[in-house]
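You will see two complexes here that share chain A, one where it goes with chain B and one where it goes with chain C.
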Partner chain A sequence: MTTDLSSDFVVIGSGICGSLVARELAMRGASVLILEAGPRLDRGRLVAAFRNSPRRSDWMSPYPAVAWAPHPIYQPEDNGYLVQAGPYPYPAEYIRAVGGTTWHWAAQAWRLVPNDMRIRSLYDVGVDWPMTYEELDPWYQRAEEIIGVAGAENTGSPRQKPFPMTPVAEPWSMRRFRERLAPEYAVVDNTVARNSRPYDGRPACCGNNSCQPICPINAQYTGGVAADAAEAAGAKLLPNTVVYHIEHDATGHIAAVHYFDPDKTSHRVTGKQFILAANGIESPKLLLLSASDKYPAGLANSSGMVGRNLMDHPSTSLTFYAEEELWLGRGPQSPSSINTLRDGAFRREHAPYRLDFTNINQVFAVTQSLIAEGVYGAEFEKQLRWRAARQCNVKNVLEVLPNPDNRIALSAQKDAMGIPKPEAHYSIGDYTRKGAEDSKPHFARIAELMGGTGLRYSAEGNFANNQHITGTLGMGSDPANSVADSYGRTHDHENLFICGTGLMPTSATMNSTLTAIALALRTADHLLPANASKSAEHAA
Partner chain B sequence: MNASLRIGCLLCLLTASAAVRADTTADQVKRGEYLALASDCVACHTAPGGKPFAGGLAMATPIGAIISTNITPSKTHGIGNYSQQQFADALRRGIRVDGAHLYPAMPYTSYALMDDADIAALYAYFMHAVAAVDTSPAQTSLPFPFDIRASMAVWNLLYLDARPFIPDAGKSAQWNRGAYLVRGPAHCGDCHTPRNLLMAEDSSAELAGAQLGSWFAPNITSDANSGIGGWSDQDIVDYLRTGRAAGKAQAAGPMTEAIDRSLQFLRDADLKAMATYLRSVPARRDAGDDAPSYARGQAGDQLASNRGVPLPDDAQRMSGAQLYDAYCATCHQASGEGSFDARMPSLFHNTASGRARHDNLVMVILDGIHRGAEGRDVVMPGFGKELSDTQIAVLAAHVYQMYGNPHATISAEDVRQLRAGGPESHLVLLARLGFAGAIVLVILFVLWWRRRRRRRVR
Partner chain C sequence: MHEFVDAMDAATSGCSRRDLLRGVALGWISSFLPAAFAATAAEDTGGFNALSALLTGRKIDDPTRSRRLFDALVADKASFMSDVAALLDMIRTRNIPVAQLQTALDSEKSPFAALPRAVVSAWYLGIVGSGKTARCLDFEMAMNAQVVGDVLKPPTYCYGGYGSWAVKPI
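Moving on to the complex of A and B:
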């Protein structure tokens, strides 16, 4: 074992949250070390790998898992990394690499609605957040300015200052949805970390429609951009460093972290403050792995809540053929949605949701179904053209309530480094299922307004997963039932902080990344106020 | 125009004139502002993020960084105490108010062509319409012997023609206006005319192209192959206004700044006049230019060699076609044809790939392009961080072979040199040797003279 590194701040995980916290701290003059389990990625190679892949609809195909830091892979076959304990499958996808999972996202950068943070008080479900929307507003704004967010004003999320950018150009298909659904439904531009004009040295979206697996021109913000910015600000980033143990001293202070390099040589890194930002599955895994005599249930786990309250956004959907040619596939993959069902008194009874329209090119999906139907020759070409022009889809994005039984635990199975794999325990509760039922008449009405035919609802009881891993390290004001306070400081260890979507006590109806970034920036300000000098930071 | 608007305008004019001295008219200030734009004063005399005209921009030259000065009307730190004559002397003769010589980074050899009325208008503008800034940028400090500003007196004796522009009676008014703008205020030759050993413009090769650090200011003579002889007047006007001549060329590097800060603001008639003059500049053909640089290449791809083939583990071994597919094809398209609206240009029929010189193609790959006002700007990301010298050389060679000039050659060493700032200049060494040589000559002369005297005495 070697002891070779030390830093004021040690950040575990170089995803969008870890990198942006590191950037903030480094910009204020602190010494910052980022430990990233996965390798560095190169945009151009990802683009080439995607273009040349025979499995182009498999968005993970450009991101193979490395042996020393595996992540879940399901195609062409399940690599078995995320062990499924049931009863309902939780096939989460994420990327362990410099920059993390947002290399590969639709860049949805939503704020919550204010009532999302008070659902226990207002609707007698879930839990309240230890902060209000108004408190978080300035950090939402900062986050939006750093990552470059474009959006519409009328989504239900209030704001004090304008968006950095006006919405990205509306694709034809979305325009037709907006026009045909009005005035019954307001279809609005999604709030996205995607440039509608050149911003911060990155070009405007030109509609490649491959947001997932990779924006080929950096028009959408990614953790890769964040990691570059962190390094440019002076943070030191070490890829291929698989943290497997967090070490505490007799007082419960965190003293060091231990990592394996790909050859499984162990290294020890000391520091003053430690920031765990390894995502909603890997972060709780690491805390559970670090159990000791003093903390037999794992670190930061006196509440027993580490890994619990796993949430995501399950979806059911309706696919149909519109009356007119929409030609999905021009512009970004996910441009528009209906936001009027995100909040209301109905939240006492069933899950709220957002209704989301896909704009993903339908040629691949239509080709697959035509082949399955045995259509060939001239008829194939005719059908392909007709269906690809008209096939469209609307889905709900449903809230899941926190439930301690839904959790990430340590599996008895181990990965190639001998580290226990994460194990998902998951179920879809009645609250969410009722929300799905509630959305069905809306699906039908939307199809009707679009002159839809060939209606195909997703199979009864089948929920697609949206990879919005949330809630496994929930924050709260009561140390008895939460892991960290509103600044991400763990209740049990005063120099161990958590950044990421795991902190969110509820999942609401919106993609969780922007909220996690806003919380992370707030953590950075708490750790090292913006106007503090280097000397002030030593006193902290 | 309605009555209230007319009265409003009148009031504006009145207030404006009230603010200036009686002998300075609002028209004169306006004309001066236009000339300051045409002369692009702001580009050099403003530091990045600094106040306009307050100086502080460090300009890299082959002999070291020259730092621009504060030319706001500040009486303590700027040119507020300059008389119009002193202002004219600085602009046209390169002489400061204290009698010291300016370095010719200030294009006074071009501004020397400006007539008295234009100088007066510029003076009026700077004195009355520019906000005074009471700060001084750092001083320029050059290595020996250039730190001796008096050495510029000798240089001026050799290279400064201080006569204002003399119209050519045999040419049209439009040609004369164009010549005045191109050679005077717009100082095109400052970048595009090659310089001799002592950094003076070589007037026998006007606008024939010159190295500018890492970039190359291209040949813009009237030659059909090497220059712009094949461009229409409209092509030239479009280029100067927007940075793009459709199907021919687009601005990059230092030219983007000249367009963004200066040329785009010129009146149509002036841009047309400049085009007229440019098309009359004597043609200079560069060796090997057997076709117009904007007309080379054609659409094509090598996708068949890429699809389904795994990338090599070592990224340094990626082929040109693989690199193109990975880094370029998204915007410039699989066959190099660019986007439908040409915001992202075609790579064939493009001077960047059509010239034999590789400087600008490599620099665009390294640094990218950012031009145009915010909101309608054009961005090409630079790949200097992502791609190695070897990869850029392989990629550029692929672009030449597929879409551009088949005579062009490029090596990793070429890329390394451009990444490091361009070919090295030996000017400092030469000047020092020259200075030493001059001293030796003086000593020899003195010895010879004393011996002669001795002989005579005998």
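Moving on to the complex of A and C:
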């Protein structure tokens, strides 16, 4: 064992939240060390890996797991890393690498709506957040300015200042949805961390339509950009450092973390403040792994809530052929939504949801279908063009309520480094299922307005996962039933902070990344308040 | 036979009637030959080109691409060439319309039932094999990218200048 590293701030995880916290702290002159379990990635190699992959709808295909820091892989076969305890499968996908999972996100950078944070008070379901939307608003704004967010004002989330960028140009396909669904449904531009003009040294989108799994031109913000920015600001980033234990002293203060390098040599890193930002599965895993005589249930777990209240956004969907040629695949993948069902008194009865339209190129999926159907000869090409021009999809993005039984626990199985694997216990509750039922007539009406034929609903009772890992480290004002306060400080350890989507006490209906970034920036400012020069630091 | 071969000729440029007949003949012959001789016979992609043209409805006019796909399919199944010949022979003898081919193979539980899909996957998706052995041989030049090339770019390729996707595609 070596003891060779020390830093004022030790950040575990170099994803978008960990890296942006590190960047903030480093810019304010602090010594910051980021420990990242996975390797560095290279954009060019990722693009090549995707083009050469036989699994073009598997967004993980360019991101194989490394032996020392595995992440869940399901195709061509399950690597068994995320153990499934049931009763419903939770096949979460995430990337352990420098920059983390947002290498392959769709860059949807939504704010919540204010009522999302008060659903217990308003609708008698879930829990209230230990803060208000108004408190988070300036941090949302700052997050949007750092990562470069393009959006429209009509999506239901209030704001005090304009978006940094105007919405990304609407693809023809989405325009036709908007026009044909009006006035019954308002189809609005998605709020995205995608450039509608050159921004912060990165170019405007040029419609590569591979936002997932990789934007070839860096027109959407990723954790990779954030990690680069953190290093440029002076943070030290060590890839391939697999933190496996958090050490506390007799008073409960965190004293050090221990990591393995890929050869399984152990290293100890001391610090003054520790920030756990390893995602909603790896972070609770690490806290549970760090159990000691003083904390037999794991660190930060006096409430018993570490790993619990696992949430995501399940989806059901309808695929159909539009009456007219839309040709999905021109422009970015995720351009438009219907946002009017995100909130309302109905939340007492069933889950709210966003309705999301894909603009993902349909050629690969259509080709696979034709092959499966045994279509041959000239008919193949004819059908391929007809279907690729018309096939489209609408899905719901449903809220899941916090349920302590849905949780990440430690498995008895171990990975190649001898570290227990995470184990997912998950179910889809009635609240969410009722929300899915509620959306069905909307699916049907949308298809009708589009002159749809060949309607194919997702299989009954089958929910697709959106990889928005939420909860598991929920924040709250009561230490008896929450893991951290609204600044991410764990109730049990005053120098251990949490950043990431795990902090969110409810999942709401929107992709969770922007909210997690806003919370992380607020945490950074709490740790080390900005000085007067802060406003000059970022120039769009 | 005539109807079948005429249809083949209409769909094929690099693949001639001679290739087709030779493909059928070589497959039949190779089924009686020791492995070493069969390997020599496998050098010939004539039958593969003929079956490919029939199944894809497209001209098979790129010998290099054809060879790469052929070699990959042979690597997955040693009997690929003779299977191709036998399937062609079956189609010819019974004059099976291509639209009914898969149904016929499936209903008869034919040993060649998986063959058309493997061939079409190679050409249209650029993918040979399945599961853990699947590999990508073509992406930009796969037929599915080519037949929509007037409207769409393969994913990862820039569609055009910013906002060029806002206008009606065709």
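Convention: the second predicted complex is superposed on the first by the 531 of 540 C-alpha atoms of A that agree within 3 Å, B and C clash if a C-alpha of one lies under 4 Å from a C-alpha of the other, contacts with A are read in each partner's own complex, and residues count from 1 in each chain.
As a working rule, a contact is a pair of C-beta atoms (placed from the backbone, for glycine too) under 8 Å apart; a residue touches a chain by one contact, two chains touch by 3 or more.
This structure is a prediction, so every number in the text was calculated from the model and none was measured.
Novice: In the superposed model on chain A, is it clash or fit for chain B and chain C?
Specialist: In the arrangement built by aligning on chain A, the partners chain C and chain B fit side by side.
Novice: A:Gly201 in the overlay: touching chain B, chain C, both, or neither? Say first, second, both or neither.
Specialist: In the superposition, A:Gly201 touches chain B alone.
Novice: After the superposition on A, what does A:Arg51 contact: first (chain B), second (chain C), both or neither?
Specialist: After superposing on A, A:Arg51 lies in contact with both chain B and chain C.
Novice: A:Ile217 in the overlay: touching chain B, chain C, both, or neither? Say first, second, both or neither.
Specialist: Once the two structures are laid over each other on A, A:Ile217 reaches both partners.
Novice: Once chain A of both complexes is superposed, is A:Arg43 in touch with chain B (first), chain C (second), both, or neither?
Specialist: Only chain B is touched by A:Arg43; chain C is not.
Novice: Chain A residues in contact: does chain B have more, or chain C?
Specialist: C
Novice: Give the angle at the C-alpha centre of chain A formed by the C-alpha centres of chain B and chain C in the superposed arrangement, rounded to the nearest 10 degrees.
Specialist: Taking chain A as the apex, chain B and chain C sit 80 degrees apart.
Novice: Give one of first, second, both or neither to describe whether A:Gln467 is in contact with chain B, with chain C, with both, or with none.
Specialist: Touch partners of A:Gln467: none, neither chain B nor chain C.
Novice: Touch check for A:Glu379: first (chain B), second (chain C), both, or neither?
Specialist: second
Novice: Look at A:Asn481 in the shared chain and tell me whether it touches chain B only, chain C only, both, or neither; answer first, second, both or neither.
Specialist: Once the two structures are laid over each other on A, A:Asn481 reaches no partner at all.
Novice: Once both structures are aligned on chain A, how many angstrom separate the closest C-alpha atoms of chain B and chain C?
Specialist: Shortest inter-chain C-alpha distance (chain B to chain C): 5 Å.
Novice: Same chain A residues contacting chain B and chain C, which ones?
Specialist: Dual-contact residues (chain A): 47, 51-52, 54, 197, 204, 206, 208, 216-217.
Novice: Sort out for me which residues of chain C touch chain A in the complex.
Specialist: Contacts found on chain C: 11, 54-58, 98-99, 101-103, 106, 116-117, 120-121, 124-125, 127, 129, 131-132, 134-136, 139-140, 143-145, 147-148, 151-170.
Novice: Quick one: in the complex, what on chain A touches chain B?
Specialist: Chain A residues touching chain B: 42-45, 47-49, 51-52, 54, 197-198, 201-204, 206, 208, 216-218, 228.
Novice: Show me the residue ranges of chain B that touch chain A in the complex, using the header's touch definition.
Specialist: Spelled out, the residues of chain B in touch with chain A are 306-311, 315, 318, 322-323, 325-327, 329-331, 339, 344, 370, 374-375, 377-381, 383, 385-387.
Novice: In their complex, what parts of chain A are in touch with chain C?
Specialist: 47, 50-56, 76-77, 169-172, 175, 196-197, 204-210, 214, 216-217, 325, 327, 329-331, 361, 363-364, 366-368, 370-381, 384-385, 388-389
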